[in-house]
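Here the structure comes first, spelled out in structure tokens, and everything after it is commentary.
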Amino acid sequence: MTTAPLLSVEDLTVNFPIPGGWFGGATSHVHAVNKVDLTIRPGESLGIVGESGCGKSTLVQAIIGLVERSSGKVLIDGQDFHDARGKRKREIRQQMQIVFQDPQSSLDPRLPVWRLITEPLHVRGGMSKAELRARAAELAASVGLRPEHLDRRPHEFSGGQRQRIAVARAISTDPDLLILDEPTSALDVSVQAQIINLLLKLQRELGLAYLMISHDVSLVRHFCDRVAVMYLGQIVEAGPAVQVLDSPAHPYTRTLLATVPSLKHPLPELAATRVGELPNNRILPTGCYYRDRCSFAAAGCDRPQSLVEFGDRTGTVAMSPSDKAAWPRSVRCHRAQAGDI
Amino acid sequence: AWAASDVLVLSRAEDAPTADPGVEISNSGYTFIYAAYEHLVAYKGATTDVVPELAESWSVDDTNTVWTFKLAKGHKFDDGTDVDAAAVKFSFDRAMKLKAGPSDAFPVLKEVQVVDPGTVKFILSSQFAPFLSTMAVSGAAIINPKVMEHEKDGDMAKAWLAEHTAGSGAYKITSWERNQSVVLDRNEHYSGPTPALKQIVVRTVGEISARRLQLVNGDADIIEQVPVDQAAALKGDSNIVVESNPSLYVNYIYMNNKRPPLDDVRVRQAISYAVDYKGIVDGIMQGQAEQMRGAVPDGMWGHDPNGFQYSYDAEKAKALLKEAGKSDIHLTYTFSQADTAWEPVGLALQANLADIGIKLDLQAVADTTKREMAASGNYDLAPGAWTPDFADPYMFMNYWFDPERMGGPGNRAFYNNPKVAGLVREAASIIDQPKREQLYLEAQKLSTQDAPYLYLMQKNDIFARRAVVKGYVYNPMLIQVYNFATMSKSE
Amino acid sequence: MDVASGTLKPAGQKPAALTIEGLSLEFPTYAGAIKALDDVTIEIGTSEIVGLVGESGCGKSVTTMAATRLLPEGRYRVTAGSIRLFGRDPFAMGETELQDVRGKLVSTIFQEPMNALNPTIRIGKQLVGVIQRHEAVSEAEAERTARGILKDMLIGEPERIMKAYPFELSGGMRQRVLIAMAFSCNPGLIIADEPTTALDVTVQAVILRLILDRAKRTGTSVVFISHNIAVVSQLCDRLYVMYAGRIVESGPTRAVLEAPQHPYTQALLRCLPERVEPKAELEAIPGTVPNLLDPPQGCFYRPRCPEANDQCLAKPPSVATAPGHLVACWRRGAIQPSSIMSEATL
Amino acid sequence: MMSVASSATQAVPAASGWKSRLHFLWYLSRRSPLTLVGAAIIVMVIIMIVAAPLIAPYNPDKLMLSARLQPPSAQHWFGTDEVGRDLFSRIIYGSRASCVAAFMIVLISVGVGVVIGCMSAILGGRIDTAIMRLMDVIMALPALVLAMALAAALGPSLVNSMLAVALVRIPAYVRLARGQTLSLRERVFVKAARTFGASPLYILRWHVLPNALSPIIVQATLDLGGIVLIAAALSFIGLGAQPPTSEWGALVSTGRNYILDQWWYCTFPGLAILITAMGCNLLGDGIRDMLDPRLGGR
Amino acid sequence: MTIMRIIIPRFVMLFFVVFGVAVITFIISHLIPGDPARMIAGDRASAETLMSVRRDLGLDRPVWDQFTIYVSNLLHGDLGTSLRTRRSVAGDIATFLPATMELGAISLILAIVIGIPLGVASAIYKDGPIDQVARTISVCGISMPVFWFALVLVLLFYAKLHILPGSGRIDMGIALPTRVTGFFLIDSLLEGRMDAFWSSVRHLILPSFVLAFANLGVITRQIRASMLDVLQEDYIRTARASGLRRRVIIFNHALRNALIPSITLLGLALGDLLYGAVLTETVFAWPGMGTYVVTSIQTLDFPAIMGFTVVASIGYVLINLIVDIAYMFADPQIREIG
């Protein structure tokens, strides 16, 4: 694989100040995302899984610029819109688009569908109303909405149709990358299937790359080429979706997969679900973040762990970003590397 | 709830600001001042003539600038000390030092000298005809010098005297609850016969309807500020007497003589002819007023019973306007709600003037604002009310027509006729009354022709009392002032 | 076994926890009546864990809320059918009688743990309030019971939690408190209305385990509502599949999932990404759920069903295809029961 | 007491045309007859304002000193006043001053308040703080007193009193608009617009204003009732419309001098104020209920 | 600690607001046409007299000086001297405030005692006859022109039926109770004078009812709305599903939470009470702040208006402070974490 990465995220960190001082000053920070590196190649789908509050949404929102990053870089096609200004910024920015979880709240209830779909173009400017409408009709058709829908308002649609509108809007600027933050978790399974099919179709037709967050492991397995498992703002394991999800290496990935409800295996015993609550992300633990909850914890876990290629027995050399694209599978656990698990 | 027969309850619209003779300028305060203090001289009965009160006799020197008063014996302040020359001197010195409103009644007072405890001398800087009359005004009340014990921060006991009294009158204030009631009790040391009424209670009740009901229910013995409509309604009740007496209170309208088109005498005359005086007197005032005839009201010497009176004559008014060559006149009537008649009068004027082609806008403002506008000449037409402070035509003629007094002091029409000015000034400088009367009549004749003001009406003073209240004597100089000492309640 | 009626109830046993027979219910609105339930028949035996699955809005909650009469009074109409809660008709009960039953005989755990606890009352007080309401015990006794049951819910420091306010607890913790509350008076039936949808998968597993273990231990019946078939499959002995206010299929979990008879159930299972190759097209159900203001004639699934024919214009009756396995479909014989689960590890 | 299934998979049927609207009206009259009463009152008042010359039997300013204080009769339905004007006609015409004033006040305070509130929320930081502190100060001023003081300062006239009342009402709308803006800013569709690179002004114009307006309009309708009262109260204490303009509060004020013998004088204008304010409140409540999805309507 | 976090900024705020109010009133007072000196000295005062009065009042100084003097006096609690009553404004306010507070307190209590149960009943029986009645009452209360209602009641109960007094705080013939608190009800009881007590009670009935009625409307409406909100909360459903008694649910669970948003409203209602009191007092000749300020405004007695405004705004901020603290105690989330 030699293609240049479409998106490359380097060392991305997001801290939220917690206002607590008498006059509004911050006394501490929420460490939502901690030094995340990831890359997506054109046409590829990357899934991110992890339990609630581990920083998935914050990560993608930092990528798309909805939350301020504390440090790190986000390059789309080698450019970081953070440093750009004005029209240029908008252009770089519009190479990626986001589809949110709840289609109801991500659509302005007062605008007609055609306006919603073409909003990114409207923001960009330079198109007449008629042109916008024409484009809206094309886009609507490509996501399976009928032309007569164009003048209706979002509340007149079902959840699935609304999500179609959101998808149409996201592809209106011909982006290279679509970020999907739990795009189907608010929908019923039958509707989920329609949306997933639509997204897959669009990927085939438009060569889109996806970055998808989901709770649903089987959906990620189905939808994504690669998957990254997040824990406490870090990526703890990454690699081809099928490999990671079928034979997890990191202890956390294992627990997570064991608890995922499935038709295939019974409800786990309490012992196996002994996962407790997500630890405090205000004070980051030293050493391995998962140590306190890990049943494999042993000596050496109190050292900071780094994400290294699985099977790289040396276990000490961190990967350089350019290496990662080539390395298919990596894990952040010295015991897994050592084959102790 | 009937009050006891030796307690009189008086109900009025608003609380008096103060009872300090050196400060107070409103009739509601005079009620207390005249009840609690005596003066060197007093108005006689229902007339405007003065008679001795604290002074037993007086004399004036040839230059008419030095007045000497001999004090009567036996008058005592409410703490038992005698009223002496020092007290007189103290009272006037205090008034002049405070230099508040009341001091204006003594424009030429240079010095008060104590000759001996029973004799006091007033030295004037120039001859001032109404001097003796001014000795009867509220501000000339004689105050016990001991009040200086209550002085605070050099205020000449102003704060204390605001709600207390220290005089030799029949009553003294014993309690003052702001906006509720003031209680007056008999002064034990009063030199006159012991009054029949032991206590006077003055209540503040804002609503006329409420006051009226109090009177009807017997909760109040006297109620003040009775509008004509209420008076008419009360007349049917045999327990109630509506006192309606011709007063020296006049309602007139300032016409701004400086502002075109009102600077044209013909326009002013036209307006004076355009007004339906009878309609106003009968319709708005229910007949409780009479049309003015010249500046000096009926009841005051100097009034001219045969003087010229404008009457309603729209044709003449139109002719005058035509003669003046003015058309399309647009005027504003600036008024406040201080007098309830002002708005209906304005409405009537608006209708009347419309008939002769003058458009009149009504502009209601706060009373203070209205006064300020009148004082600074920032108006076209504005209603005014005037009562004399002392019983002398000077109060009308010299105030209204002397160009020296333009604006606030009195000449609010900004009227300037040197001939009239000369006449009134001369009248003020001599003390020969027949001669003065002559001059004033002459001045009235001239000024009425110039129509600087719109002479509307002389109103009756109306209040209502229960029939059981006896002995009230009306004096046109003493509106809202009662002769409590000689009044009584009997079935 | 009473095959004809399709229930598994052995004759002569004590009454079932909940029996709903032919219940039809509607909500009158200005646009017309929303026919939320149509001829719903459900039976929950004692000590049985029964799942109720179906898409959003298909009437799962309404069914159970009607059973406990928790629907807003005056806003709905029962047009047919009957309900028996432990042999008693909730609609014949007086207000106080009903209150005695709720919490004591039947408790409910709702979906949103975030708001299901009173924000201004301490956890302990809320628990004690419920216990004292139903059991004649002293306050100290009630507190002891509450602590005990919190411990059973694997809450480490029951003392601390009892003194806390709901906002101080995480969602998973709150849901455990709610389960503790539901179990606190040892009810015969627990209705769990999507108790874990709002929670994280890891927490969900714990919560489900807690419910399951406790119910098995105390012999409590559970009605488990979910739109997640996987969850229901892990938890329930039997399940009912609902579609647009009707029960379309019911039976033992394994039987229904392994050999679904109703085209809707089949389609639903085929939607799941679990069983297909990555990136392959998922089999989506065409069309949308019917408008309950104006449902289609006959079988409600007809407009979306590939197998539908004229017969389907009449309402299909529930027929047992195997013991305890009922299907409401005219075409049940004509369709191959696609054995979804056979590929899987079941 | 259960929430209607939140994730509405089921398409809501589009409200189509007059038929569903009629249906809705009928439904409303059963569910909320008071709202209909409110609407009817407002319609009546509007008719009164527009068609005053057609309705009023007399010229409201025509003096008839000979017919003072006549009781209600066939000629004068509501009697006459102290200078013989027909009270019925004056009340009809009075609706103009009273209601138009109230309407203008609401319009001004909504307009200014919304602009300031949105700006404040969008600019944020020091400017926001400064604006909000200023609003706190204005809020802390006793409303009626400030209105009276301002009216007194600028001269008592309807316009000045209106400005004064509008001024004291502004902070309420600033807060409302600011709150709306801040909460809308957190809404996902606004976030979405930000990811397209939309400028704050774009977001204000296309997302914030249109969405913030409906709660503000509800508030304004409700306020209208209160402001009719305040405007009347100002006139009542002599700070309102200039004579001879008829205004309800002023009519009550003059009428109270005659309350013992001429009960009709202040009774009818008072009723007019009461009924109008009631209309606004009923309608406002109704609209709010209708916009509240929880309460059934849509 | 958390209490301090709320209180201290509020006190800073208090100074800020009072200063702002002082600036605004000062500016207004200087815009007003009308010469205070003329008011004191009288219309006919000569120019000389006017000058002397002006000097007395400090009006001859530059505006800036006047302002600094005004503010520094303010800091010493000196609100200046009323032009109309010629007394210190602070003294006037001290005199009139108790009357208003007595009236306000009684009517607020009335409004709360009637309004809350009415609102609760209205919410519980939503759309039923009780609700319709309660809504009608509340909408009448909100829409009622206070001054007119007062007049109508005076006409009815005083003029026509003669059963209740129509003006003042106490009967004519009864001596005022010795001033201790300024509340007649309390003072007369302290003195053991039942005649004065009952007379004061009778005088309070009409004005406090008028004033209560408007607030009753607001309170009922608010309680109803927040009760409706609360009643559809999930935790109420939980409580119902747990078989708790209806009474317990309504009073222990729902009302408590419904009151929290209502507290803020009560704070605002207190502000409105002042406005209503102004009008009520005017009609009932109640010797309180309302009458005082209306008369002051009519006569453009600016020191009095400014003094009143400053005091009222301090009152407003203090009330809000109390409301915030009450809010904090009612809502554990704020209490515990601030």
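Here the chain labels run A, B, C, D and E in written order, and each chain numbers its own residues starting at 1.
Assume a contact is a pair of C-beta atoms (placed from the backbone, for glycine too) under 8 Å apart; a residue touches a chain by one contact, two chains touch by 3 or more.
From a predicted model like this one, the values you see are computed outputs, not experimental measurements.
*Asks:* Need the graph distance between chain D and chain E over the touch network, please.
*Replies:* The fewest steps needed to get from chain D to chain E is 1.
*Asks:* Could you see whether A-C or C-E has the larger number of C-beta contact pairs?
*Replies:* A-C is joined by more C-beta pairs in contact.
*Asks:* Using mean CA coordinates as chain centres, what's the gap between chain B and chain D in Å?
*Replies:* Distance between chain centres, rounded to whole Å: 47 Å.
*Asks:* Counting only Cα atoms for the centres, state how far chain C is from chain E in Å.
*Replies:* Their C-alpha centroids are separated by 54 Å.
*Asks:* CA centre of chain B versus CA centre of chain E: separation in Å?
*Replies:* Each chain reduced to its C-alpha mean, chain B and chain E end up 39 Å apart.
*Asks:* Multi-chain contacts only, two chains or more: what residues does chain A have there?
*Replies:* Counting only residues that touch two or more other chains, chain A contributes 158, 160, 188, 191.
*Asks:* So which bits of chain D are touching at least two other chains?
*Replies:* Each of 1-2, 7-11, 31, 152, 155, 238, 256, 259-260 in chain D touches at least two other chains.
*Asks:* If you look at chain E, which of its residues touch at least two other chains?
*Replies:* Chain E, residues with two or more chain partners: 32-33, 127, 154-155, 159, 234, 237, 240, 282-283, 297-298, 300.
*Asks:* Within the complex, which stretch of chain C touches chain A?
*Replies:* Its residues touching chain A are 55-56, 154, 170, 172-173, 199-206, 208-210, 212-213, 227-231, 233-235, 257, 267-268, 271-274, 276, 278-285, 288, 341, 344-346.
*Asks:* Where on chain B is chain D touching in the complex?
*Replies:* That would be residues 207-209, 212-213, 227, 229-230, 233, 279, 282-284, 337, 340, 343-344, 346-348, 350-351, 361-366, 369 of chain B.
*Asks:* Quick check on the complex: what are the chain D residues that touch chain E?
*Replies:* The contact residues of chain D facing chain E are 1-3, 31, 34, 133-134, 136-137, 139-146, 148-150, 152-155, 225-226, 229-230, 232-233, 236-239, 249, 252-253, 256, 259-260, 263, 266-267, 269-270, 273-275, 277-278, 280-282, 285, 294-295.
*Asks:* Okay, in this complex, where on chain B does chain E touch?
*Replies:* 1-4, 9, 14-15, 17-18, 20, 23, 25, 99-101, 103-104, 107, 158-159, 162, 175, 177-181, 201, 203-207, 209-210, 213-214, 217, 219-220, 337, 366-369, 371-373, 375, 389, 399, 408-410
*Asks:* So in the complex, which bits of chain D are touching chain A?
*Replies:* Residue list for chain D touching chain A: 7-12, 14, 187-189, 191-198, 202, 206-207, 210-211.
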